[in-house]
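Same chain, two partners: subunit A is paired with subunit B first, then with subunit C.
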Partner chain A sequence: MIDLMLLLFLVVCAIAAVSMKDLLSTTIILGVYSLIMTVVWTRLNAVDVAFTEASVGAGITTVLIIAALSRTKREEEGQEYGMWSKLLNPQDLKLTDKQSPLLWLTSLFIVLITGAVLIYGTIDMPDFGDPDAPANIHLAKRFIEESYEETGVPNFVTAILASYRGYDTLGETTVIFTAGISLILLLRRKSYICDTTIKEKEMKEHIVIRTISRILIPFVQLYALYVIAHGELSPGGGFQGGVIFGSSIILYVIAFGLEEGRKVRIFREMGDLLNSTGVLIYAGIGVLCLLAGGAYLEYDKLPLGSEKMASSLGIYGIEIGVGITVAAVMITIFFITARHER
Partner chain B sequence: MFDAVATIIVFAAILVLYRVIKGPTIYDRVLAANAIGTKTVVLIALIGFIYERPHFLDIALVYALINFIATIAILKYQEMGRLD
Partner chain C sequence: MIELILGKYNYWVYITLMMIGFYAMIEKENLIKKIIGMNIFQTAVFLFYISIAKVKGGTAPILWEKEGIPYDNPIPHVLILTAIVVSVSTTAVALALIIRIFKEYGTIEEDKILIMSEVSGKQDSTENSKFLSSTSLLQKGE
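Then we have the complex of A and B:
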């Protein structure tokens, strides 16, 4: 019952997001979509996925989309009809050279065929939670039963991400790092000369937001550190914690404005430094494992007490590295996209 | 018991969804989206009770802490046209 209602909710949100003309409204609806998606993940007992969806979808995606929107326009130009009026009265459709009815029908046909093929593909999938499904009889059993003995980490999602699939996670961290430096190369300008007095006056009036932010930011940051440090025991880890930490800095900038000069320079230099520090920590722990006589990222061989202890500490170290990179890249992306030269 | 409460809360969220989609102004949508966010926090905590897994409260906490950042960002963009 509740699952059906949630899925209905998601479908309605998706259709509304596509048919909406105003991009800001679409952003809000996508935020709601993400909220409900988290509930679906928790219903499926996928706590780590739900945690990621909660930290990324609720705060940072919306903020980054709005930062991108502030550099462009909210509405499409030269279009008078929404999707529904197009579907209901096709004669209203303004036909340009590219939009012939034939093209419209062809695309509808292709979409329908693709949907039918996808639904056909789900027919012989195993039932949800089926113990005999291929995913449940090979690797999952071993991870659940032996990961604690092999890695010393109770939360086996973290054990899989950081130990069994450590190379993948290193790759993901590098991808995030690459996104950050690409944005720096593409969009950063050399000098920011801005008129600060107007903005100061504008934000002085928002005393409620300022006070609440001042109280809340330390707690958000503390919680982010808890999520990173506690990733081995409970859901969460470097990625989620980094995103939450980045959100707290973004909240600071939104509420107080960037006082020009000093803070911008600090944030820029710190950001540049921390972007690469996280990846360096991650890759450096791998190299340390090589020096200690193991394979790359084989934490057991680190000289830190027993094998289990060494493995646990090594995983802890790379969680910190991932957290630093993710937080720094999120802050960098926000600063670069949200800044306007005035 | 918890199942019934969860179903009712989802139903309430669907009622609010009408306001998110209908609008007509941005402020209606923001307010409704915020109400859905609050219901989500309660819903996740309830599902944690149903499954007897207290870890779920962590997710509810994340929402309680950072959900309003997006709201502030939307309103600031609506008012000033920029975020910095």
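Then we have the complex of A and C:
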């Protein structure tokens, strides 16, 4: 029953987020949506996914959209009439000559048709929770039965992520790295003239926020390291820990201002270097496996004691690589998006 | 009929969510609204994957000493875990593009951007005057 309630709440949040005019409210509702999503995922036993969603969806995405809003516009323009008033009094519509008068009707039609076709498609799907569904009987069974013997990692999700699908994860890490690079290319300018003086003064009043974040940040960072280190045994890993570490720096910048944040020396001078270091560690461990006589990313062949030990340590190494890249890219993205220029 | 509804209702909720996001992507003129629509669309797809992984009575896919309890399917979890982190990267790139568009055009409404780029495409003058004339034309047009 609670699952149904949560799903309905998700739908309500989605509708509210789409129909609000004030984009800041929309963003906050999207954060709430993500938080409910985290609960839904915990209910579905996808603990690693819930962990990622809590840090990424509810945390970083919200902050990024707010940063982008501060550099563009907060209000949605043009559409003075919501969907319902359009349906009820079509004569009130004010349209620019370029806008098709039936755009909203056409889109509604397309959306309804697509939705109907998809719902028709679900009739052939296996029921929710069916243990004999095709997705659950072939590959999954083998991974569950043998992955601990083969990799020495009790968390199946981490074992598959880092070992069986190691190439895929290397690709994903590269995608994140590429996103960081594209942001640098799109938005970074050489001059760092920040117009944060007024905001800094305003923020000085918020002594509670500053004190609390000063106390919290070391613990958040310690927790991030714990999450990376224990990714093999419990939910967590490089992606989650990296994002949590990144958000601790973002919290610091939000509480103390951009200028103060830029004084964190390691990120001013080494930010770009750290972005690529993580990917390099990951790819480098692959090359080490080659040198040790195995295939690319075949951790068992590393000369580190028994096969199980070597495999476990190899996975540990790439989790650290992923964590460094994710944390550095999140910080880079935030610094670049939030900067104000004159 | 009731069996059908009980077995599939959650898929239908995901489709509803996906269609809400899809509607925002094609109908809204505001670019940030489109991105938010895309985010909702993505989470609906993620939900669909994760619910496929659920096994009745299953537990989280982490090795456990007790025998006889089935585990949920870990493969979709892996796929979606990385997909979430990639989705925040794509969102960040999209937001960066929107900031650049706002710098060039002074607006993030798609219809206005289209009008401005059409106007500036017809004129043969320096970039700066193109931009100025298109903004003044836009103001007259409204």
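Everything below uses one rule, namely that the second predicted complex is superposed on the first by the 316 of 342 C-alpha atoms of A that agree within 3 Å, B and C clash if a C-alpha of one lies under 4 Å from a C-alpha of the other, contacts with A are read in each partner's own complex, and residues count from 1 in each chain.
In this text, contacts are C-beta pairs under 8 Å (C-beta built on N, C-alpha and C of every residue); 3 or more make two chains touch, one makes a residue touch a chain.
Since the structure is predicted, the reported quantities are computational estimates derived from the model, not experimental observations.
For the composite obtained by overlaying on subunit A, subunit B and subunit C can both be accommodated side by side without a clash. By the touch criterion defined above, A:69 lies against subunit B and subunit C together after alignment on the C-alpha atoms of chain A. Shared-chain residue A:285: touches no atom of subunit B or subunit C. Once the two complexes are overlaid on the shared chain, A:331 sits clear of subunit B and of subunit C alike.
Once the two complexes are laid over each other on the shared chain, residue contacts for A:47 go to subunit B and to subunit C alike. When subunit B and subunit C are set side by side, the one touching more residues of subunit A is C. Using the contact criterion defined above for the overlaid structures, shared-chain residue A:253 touches subunit B, although it does not reach subunit C.
In the overlay built on the shared chain, the residue A:135 is in contact with subunit C alone; subunit B does not reach it.
The superposition of the two structures on chain A yields an angle of 90 degrees at the Cα centre of subunit A, opening toward subunit B and subunit C, reported in steps of 10.
Touch criterion met: A:1 reaches subunit B, while subunit C stays clear of it.
When the two structures are aligned on the shared chain, A:234 is found in touch with subunit B and with subunit C. Residue contacts after overlaying the shared chain place A:302 against neither subunit B nor subunit C. Superposed on chain A, the gap between subunit B and subunit C at their nearest CA atoms measures out to 8 angstrom in whole units.
When the two complexes are laid over each other on chain A, subunit A has residues 8, 27, 45, 47, 67, 69, 234-235 in contact with both subunit B and subunit C.
On the subunit A side of its complex with subunit C, the touching residues are 3-4, 7-8, 10-11, 14-15, 17-18, 23, 26-27, 30, 33-34, 37, 40-41, 44-49, 52-53, 56-57, 60-61, 64-65, 67-69, 71-73, 76-79, 96-99, 103-104, 107-108, 110-112, 114-115, 118-119, 122-123, 125, 127-131, 133, 135-136, 139-140, 143-144, 148, 154-157, 160-161, 165, 168-169, 172, 175-176, 178-180, 182-183, 186-187, 233-235, 239, 243, 326, 329, 333, 336-337. Residues of subunit B that touch subunit A in their complex: 3, 6-7, 10-11, 13-14, 17, 20-21, 23, 26, 29-30, 33, 36-37, 40, 43-44, 47-48, 51, 53, 55-56, 58-59, 61-63, 65-67, 69-70, 72-74, 76-78, 80-84. Of all residues in subunit C, those touching subunit A in their complex are 4, 7-13, 15-24, 26-30, 32-33, 35-37, 39-40, 43, 46-47, 50-56, 58-63, 70-78, 80-82, 84-93, 95-100, 102, 107-109, 111-112, 114-115, 141-142. On the side of subunit A, the complex with subunit B involves touching residues 1-2, 5-6, 8-9, 12-13, 16, 22, 24-25, 27-29, 31-32, 35-36, 38-39, 42-43, 45, 47, 50-51, 54-55, 58-59, 62-63, 66-67, 69-70, 202, 209, 216, 219-220, 223, 227, 234-236, 240, 244, 247-248, 250-251, 253-255, 257-258, 334-335, 338-340.
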